[in-house]
């Protein structure tokens, strides 16, 4: 339940268009719902502007299904990250509207319409191997109501590909840069734009890429200003932050 | 054999209610039993207040079974941690009373009654993915004779869920906090209670969570006082320490 | 020279209010100025919205003075970070308008008026020992034209201090959270607001705080969404990113 | 103000032995006192059982003095850790009752009598070089109202020294073990007692002791059960936890 | 070919008991044999006192078989470490005398008799899970001609088991201590004996045991003198060094 | 398209031997070709002297096949690294000329003849387990037009094997040294030659070899001069650099 | 003594233009000179093409002076790196021809003329703070007989400065790239040239730059091919390798 | 008191050549002497073959002096490591026989004659900068009664210097190799000898030498067998182990 919806409910009560009993029912588990193994944070949309998101890693398929089962009753849009195919198939059984982005390992269920932003988020990536993270970010940004422009495989080894797309990147309200290996793309783009840039290191690489640590360190130490960074492979988190900015 | 039992045996000998021969038999392997590949520490309950616990990782199924076989003759309660399903099934064959907590990967065998404490240990966890560690801690605390209150999924992303349960947490004699990812829950609870807090970092997370290292570091550096920490995913160790405190 | 100024110059030339010669002189070193040991990036304001900033660490006092000497001729506002007192004193000699924030080790010189934003950036810190980073961030945000609200010493060990200030934090367009030790403050605030949050880990702490690494890891692994992170003690970078967002 | 004191004040008001005005004055800044650069958490004793402790590292001498100046008005016992000699001397000027433990770098000011516990905390250390941490722990434990038994220099290189003192260690309600280098002492004692043990790694050592990291890792991985660990050189934290346990 | 054998061959030539041609044939590939993918160091026994040992990890089964095939022609004893079962089975086909220690993953082939030392090496281990390394060390020590005494599962959590075996340990000419987790056993034994001690950290443990790194660091920082250390799980290396010492 | 070919095309146009239309067709996608999931850098041979190389890790088999399909139309030699067998088999279906080096996990397709250098690159390795990296380097060097001399299994444990081959090594124009474990071979060779040496650490080893990190650190800290280093297991990169030098 | 000089000496002996006695004197200490605390490697120029270089760190001033004193008798050019001012002043006293590059902390003494190469080494750096390493590299390259082009302060935050100098960089026979912080410059240049590139990470930066480790990792993981790397701040090593390549 | 001396005392008592009273006085503090801040382990020589050694780092000058004062009464030889000059001067005042090795930072006091071994320990080092560790090892070995041969500055960059001294190294009963930077010398010597080798990594180096960690890792991963390792810069520990071996 977001602010608008809560306000509307209270107005209906005030104007006697809704009985106290019905309002109570609507507000049941207003704060959170205790499922025993999980407490669904129903208040989160009010506080954070978006309902709780399900992080599937480390949860059993049954737990994910039960959480979604409950959330479906709340009529929110649902986002489940790090979901493997088994999880999706179990979710699909209880909700055939569930959409699965296999590369991005992300399940989305749209239960209400979201108004799209006029501005767009540019999601730029260095190489083809970074696509899973790009997909997680894109699916997240879209269900959060953002227009997205994807520009993939423009890493610095062939920097002219990047310059070719610079206008699209500069036209965004906020830019997400996804890169593995040495992650230099974030610095180069950071030096060329005047918009906030959120950098996502990926675990693409081998040896001393240390599962994405090197790209992370590169991005944290960028000589270009205006770059902030999220966890390795955290396409979701980058899109979430970018969406907040894009909605300002 | 604990202090009570040893004292009772010596009294029986003193009062001629037990022959020297029988006493010797009872005290056979009093110090330890050498199985060739392992030396069971029979004296541990006397020294530490609880019999030796079996750490199954790195042991073959056969070794675990032989150790339990011997320990059954000593009539102690038995606790085997990090036990996979194969191990349990082999143990079950020689001892159908063995109970398996699958999530917590822990086998317990109760051979004698334990008096429950009046006070309870609160075991609080940040997220649903932390449940395996919660289960290991709970099963351990219970076989050690403690009352336990479990409060799960009250991580700081929805901190009102925590405040809702604060009375139960404050009512405990000692609190265990189980958290992965950034592990901030320990600091928040630590700032709100006046009881000892044992923090257990879990390996829940990805990228720079480094298999639980980040949560561990968070807990070690807590700005709240009164927090001490155990190894990553060490639900057993936290419960063991908490039990010692709860029995004071 | 920013976009406005460049446009104005070209219009003057078009309308014959400025001679080609004078225009050329104004545009001298338009791209960059080579001082031998440094190449001042005069074009940066056009690309990034703000002139080049001087990172003093690793530069000799003479180098910093020469760079500022040149930049003064360009009539820009000047920002020099990580400046020790000796550097400031040398700068003061050539420019008595230079202002030094000793705690934040930052020199600012205002040569043109900046329009203040209507919205403000909230800069929140966990402890008194984090003040140097708070000061660096504040001085940076202010010279970049932002209103700032500082809320210091509201770390999670006494979380009621934070709740007392929650309205001010929630009223900001973007929030900077500065914290050392275990850095849990970022997660807690992240769970309570619906605005972008930039987290700055500080090197406050000892032992396993590893000079700020622990706070950094905590922030990267936050269970709350919408948090992005900058380098340890990088108050400047956080303010720069926040300013970009605040100006959207 | 602790629970007893608050209760007594309310009783006086109820029985008209204290005017509302005087009660208000006593309760001024009840929640916290804002000094500008710091917010003193006056409520902490109520929540945590002990007033806020001052961590001096990273604070200026002036800041520490101002904080203590305010806390003196609250008539609490005061504890300031990681205080260098300059800080002490400045504190001494405003409060000659302040006591300085130079080795432990800790300032204590007793403003009210604390009832001593009947049970004692045993503080055991491996080597003479660990003494500064022992002193920090001892001074902390004592101002928190605990009896303390110190047993120093009983490291495992000469393990008979330890056995000689085992009775004193076993007699404690809770044991603190302080050790640097390889930190093996914690495991050995942990295997010999049936009381909770809090281990403090110290930065004593060189090369691969990595400033105490090795001792910390040793203690976290102890094969003996019942051990929990605090940050490197954190004698204060260990004593704080131990005091909580000792007061149960 | 060792020194004795080379000397004997030269004497036979000198005394005309061997023709130059036969001597040349015996000395064929005296320095090394090039198999294309490997160069067998035939001279090693002369230089190091023992023939080349085959490290199987990273080699294909075919490569190991071809190396052994050649070495069989040289009539040396053969030692192949880190050999999985497939490798053993392939070796068995060309040499049914090959013996496989499955726990220790080590293949030995005895082609000539080795005189046993009078003194023995004591191989002491902390826990049952350390047995694979104990086996690698034992098999190595034995084929190198040493008497061995194994004492397993005497870790410091039950230190009386160690004291019970102290006489055997003190009777050895050199002691190998094998331990995982916190590895404290090496320090304790080091403080009790006057013989060289070689410590082998094992990868037994979880979380912050970091695959044996913690035990390694413990052993390197031991407060007891006379301890030197080999790589994690390197039972072979420890036995090799110990054998050199035992043969002095 | 390399410089020669571009020049020839322009000459044909100038001399009216090629129509503008045909020239345009030849120059289609001159800069890069956008395949949606990838942007093939067609200009790379002009800038770097060699066409884009395909890094297969993290790409789906379908993606690799589509990239090669396009590159085949450009008539370049094709190099695909880190290719597993499935990838090769799919490539083979569209291009039976594709050659697979299984040990080196590398696919090469020769579409035009390369002139071989007169000088050779020496590729020297420490042990048999390093062969996969040697193969990657060799296949790369050869398709880049270099003569190669391979010298394998000459690690410092049997240093006479190295001295035996020193003349071949000294005869090379540039030397690649491939070594895992402690990687000492690079230093030893570096001290004996007067040619540039590129060192490749490999992930051969266990325990504290940390997947090649130790060999990398050894090589970076070599006391011999003239050594530069590439990423762990990066046989391709070493050969690429060496080829640049060999072609000078 | 280099190859030319040795050949010339032998010819003089052959032609009776030099007496055996004089030749012996010239060849005194031909292999190395033992100074007690050091063994000067007189043969190094023959093997490696350049005389031994003195690494001053960790040596006393007296030791450096004695080594130089001896080397002066050999009439070689002398290079001493990591020399502080005290060392230089002591060297100056015995050899006023000694030249000190203070920024690069390097002493050079020219005793014989070196023929300059026709080709040049380009030494490119990211920022002004990298100058000490640039100077070490330049002084080294020059005394080794190379022409050098320096291009400083062209980091990717203002990438147009780099493009402005691209022709000079592309004209070099080998390129050295010096960069701290995130070190992205190496990748960008690597993608734009067809010459070997040696990357030198510098310790410029703070926080997670970890004293140059981040720049090192960036360079090792570059997505551009043809880059090899030397130790942090190792301007000397980069120039030494580059000189070998430049002399091919 | 060593075994010989204890036996002699008991014999005197048995033969009535010493009164019980005198024997008791001699045996005063037989087990250990408690100085309050330290417990001197008087029994150590009996257990370990050598009296307790004083590690001065982290002890105050006063503490060291008091410890030595007591030990002088026991008529043992005294060894104090990591002693700075101030400590030595204070010791000198109470014992002018104290000898200080300034480079090795070690104080020795000979109070009784030690029989020298017939065999010698070879202490070999890579570079002049390693001399402090060589000195610590030498002084330790000598006071422990060993003959020592020092061979310094024979690092692998000029490997012929090593081969020149190989006979001396091979003649030793046990070899200590001291090396910093990449530490390759240990592997090379390990491949050439048939005696136990104890490797000491030193903190000589910069950048990725990480204060000796790289040399340590090199030595732990040596491809040559028979090498064991001690802590960084631990010349004392290596000599202590070597002395045990040399006395076998």
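Letters are used for the chains, namely A, B, C, D, E, F, G and H, taken in the order the chains are written, and counting of residues starts over at 1 for each.
What we mean here is this: a residue touches a chain if its C-beta (ideal position, glycine included) is under 8 Å from a C-beta of that chain, and two chains touch if they have at least 3 such contacts.
Bear in mind that the values here come from a model prediction, so they are computed numbers and not experimental data.
Chains making contact with chain B as well as with chain H: D, E.
C-beta contact counts were set side by side for E-F and F-G; F-G has more. Mean C-alpha positions place chain F and chain H at a centre distance of 50 Å. Centre-to-centre separation of chain C and chain H, using mean CA positions: 54 Å.
Taking each chain's centre as the average of its CA atoms, chain A and chain C sit 28 Å apart. Each chain gets a centre from the mean of its Cα atoms; for chain C and chain G, those two points are 39 Å apart. Within chain E, contacts with two or more other chains are made by residues 127, 157-158, 191-192, 207-209, 213, 216, 220-221, 224-225, 231.
Annotation, chain-chain contacts: A-B, A-C, A-F, A-G, B-C, B-D, B-E, C-D, C-G, D-E, D-H, E-F, E-H, F-G, F-H, G-H (touch as defined at the top).
The part of chain A that touches chain B in the complex is made up of residues 31-32, 37-39, 41, 43-44, 52, 55, 57-59, 63, 67, 82, 201, 203, 211-213, 216, 231-234. Remark: chain F residues 127-131, 152-154, 157-158, 160-161, 164, 180, 204, 206-209 touch chain E in the complex.
Those residues of chain H that touch chain E in the complex are listed here as 47-50, 53, 173, 191-198, 216, 220-221, 224-231, 236-238, 240-241, 244-245, 248. Touching chain H in their complex are the following residues of chain F: 126-127, 155-159, 181-184, 187-188, 190-192, 205, 207-210, 213-215, 217-225.
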